[in-house]
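Working notes, beginning with the structure itself.
For clarity, chains are labelled A, B and C in written order, and residue numbers in each chain start from 1.
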């Protein structure tokens, strides 16, 4: 049996491992012995743990991953082309369906971009409402992500059911306020559609009061669980340089130790008024991503408590904003927010007509997926599913 | 009266065979015992499936199945009808006879194990002198049928799943045996009835169950871990994990054969719990001396159901271990600890009665557990972490 | 100590298991369809057309302005405008829709049609048990199926309906007040005109009298 040859560079790249000209620090890859063949498997699109219709073409040597190619596009719905044919207002309900777990943050990102395009102001109460709803969305997204991650690890859905129990309360509030649990269609250019009444604020306060107990329960179940630690620590490491170069954003980036939270960087909305911390991880593995999400949930609770205390009375829509006949002047704008999954950005080019000339979504899930292969190389196939779950993607966003 | 209740099944058996001529009475007695086992344990299996689904549901803040029958307790009947009416798909390239015999072999081997379990006072089908040995022999032959299933399917993934399952079962079989050797050392016999009788004594109101001794507790914990792994239950159920690549050795089975695998797995769980109860929890003896008026078989089945609940509880809480982590755990932690437990058992035996042996044995086991646990976690470099916040 | 985290986790699930027998918080199942959760007041599923009086055709508020058809994102509304007019709730003559179809297999419940309607004619219903086995015709609701009374609207969304009614009544009152004002002004103008025609009559009449001398 010959010794395995050590190849450098990724297959097909033709570049040596020492070539850092494009910023990528390539890992050396061990070519299999040449005796056995590589086992090539397609994981998905029908698979219990691929978070939607998604395929991974994996080449295995025994249990180790030699090559991994993500294949997506099964959920492509022409979102950007539809937006070119529809007015700006008509695109708002379509943005709900991008990352269907977090429809309110999608709405906010789009509203922010359009407001940047036309230079519109937003009244204070509307900004507070936006922050409250966005943080509630963040909490339920992170809880669900952790639930799905543990579901894939085989915990029979128990943490998932607990996360969904809390999520139900938040969704009930969304239904009372916006009319729909998931496809909220709530933000408008210049404010929000419906005012939060005292009853809504009371429900929100009740939910927020119950959240620290829930997060404690969650942590007691999971964070010190030795099996979880064994399955998650040291798996799927992402180096900070690679993360920065690949444009990763969100909890994945912060788990690798990079301090970049768009709420603190861009100072959009009124986030400057709230005191909250940004948790960072040191190892960049799956466990760090899980813990960063848990800590972010706690920080969101802090923000919510402050926002619910300080929310002022006032109008919720800028009186100068128009619902119909909205015709922005020609120009372009890129607006981005810290969505629960990462940096969600909308790039709009307007040519003076009611429909945008170009409407481009920068989906965090898609960009975060680009490093999936780098994280999975050399890991066992049972870990691929876990690493994939820790990236936290939603196919609606990846494929648009 | 109390004795009558305790021995009711034995008396029933005697009454039934009294109708037959003397020559046929012995085989008829055995036959009645066999019929008893074949009817009781699958009934408990049916009950277990319902308890599992409802238990998991309650753990997850939801109801389990509750439409079929009162509180859903007729669900196994619906499941049985479903599995019987499903099409039995056999791959054309599969090895026919082996494919057919694999589930049959599994169920037969598991049923054989029940023959030596003392279900109550005087209620053991075959009172062998080496009952424990027989039980483990039958338990090991289940692994053959697992491999037969994987091999005959002619499916790369099934074979991989079968090999992993067999590797796991073999590793933990060693631990299972070694932890029961401790019991044999103290009792001095391989006969299960003698083991139960040795535990059926009371000092004051407390029983002499082996679990209440330091070496017995450690042995029981190791036995429980090994039993979970033997029966492929969570957290050791990677061979049948749904979200894994290889779907396991029973991929190519459908319909009734799959139901037989399911039955075999759950019966194995019941029989291994039964053995654990016999070895460590005192078998059919009552927990307190004032409770001996209740029938012995009642206590045995209660302890059995308690073990099942613990299995279900673990399944609802714990994620799966990866295959290599499973094997590492077996060979590098559980097995050394079990060997240490054997040594401590010997120490216990030769230190004689008194409080000293309690202290010494407990101290050794506790210290060893903490040290080994620490080493295992440090070597793998995992442990609780603290996180920093950005400035 | 190894195993501590596992035991903590198991304690947590045991708490949930025990709690599911005693508290509603720990057993959140609602056994549909025997038990149902009442929809929130603002819930929206598919649109419906509001009509005011007893007769749905006469009282339909929609005036076929076709704004909702234009603004609907998936373009699921189909409207045909009538040729003649009929009076609306303030008495003004308005067009009405001869055909108003909504394809609910396309509708995405975004509520934009409700937002842009200037006449409070289309509102959101909360019925979702609309499954049918006719995939095309069964899911294309026409005018008659969509028309629901104002009382029904009050049942579904009381505060909203009360607000809408108040606004419509205010407008009606304004229109009536304006009508009355114009009427009064017209009457006053007529009286002035009559007075003006009467007043110059006397001097002209007086003049010939003086002239006859």
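Note that a residue touches a chain if its C-beta (ideal position, glycine included) is under 8 Å from a C-beta of that chain, and two chains touch if they have at least 3 such contacts.
The shown structure was predicted, so the numbers you read here are calculated from the model rather than taken from an experiment.
J.: Can you name the chain that lies farthest from subunit B, using the mean of each chain's Cα atoms as its centre?
T.: Farthest from subunit B by mean C-alpha position: C.
J.: If you average the C-alpha positions per chain, which one ends up nearest the average over all of them?
T.: That would be A.
J.: Taking the mean of the C-alpha atoms as each chain's centre, how many Å separate subunit A from subunit B?
T.: 44
J.: Quick check: how many Å separate the C-alpha centres of subunit A and subunit C?
T.: 38
J.: For subunit B and subunit C, what's the span in angstrom between their mean Cα positions?
T.: Spacing between the chain centres: roughly 66 Å.
J.: Give me the residue numbers in subunit B that touch at least two other chains, ranges are fine.
T.: Expected reply: 59-62, 316-318, 377, 384.
J.: Two or more other chains touching the same residue: where does that happen in subunit C?
T.: 2-3, 5-6, 9, 12-13, 16, 28
J.: If I count partner chains per residue in subunit A, which residues reach a count of at least 2?
T.: Residue numbers touching two or more other chains: 158, 162, 165, 221, 223-229.
J.: Under the stated contact criterion, what part of subunit B meets subunit A in this complex?
T.: Listed in rising order, the residues of subunit B that touch subunit A are 56, 59-62, 156, 234-235, 237-238, 241-245, 315-325, 377, 380-385, 387-391.
J.: Which of the residues in subunit C end up touching subunit A in this complex?
T.: Within the complex, subunit C contacts subunit A at residues 2-6, 8-9, 11-13, 16, 28, 39-44, 67, 71-73, 108-112, 115-116, 124.
J.: Quick one: in the complex, what on subunit A touches subunit C?
T.: These residues of subunit A touch subunit C: 86-87, 89-94, 96, 158, 162, 165, 168, 172, 175-180, 183, 185, 193-194, 217, 220-229, 323-324.
J.: Okay, in this complex, where on subunit C does subunit B touch?
T.: Checking each residue of subunit C against subunit B gives 1-3, 5-6, 9-10, 12-14, 16-17, 20-21, 26-29, 31.
J.: Under the definition above, what is the set of subunit B residues touching subunit C in their complex?
T.: Contacts found on subunit B: 55, 58-63, 66, 313-314, 316-318, 333, 369-370, 372-374, 376-377, 384.
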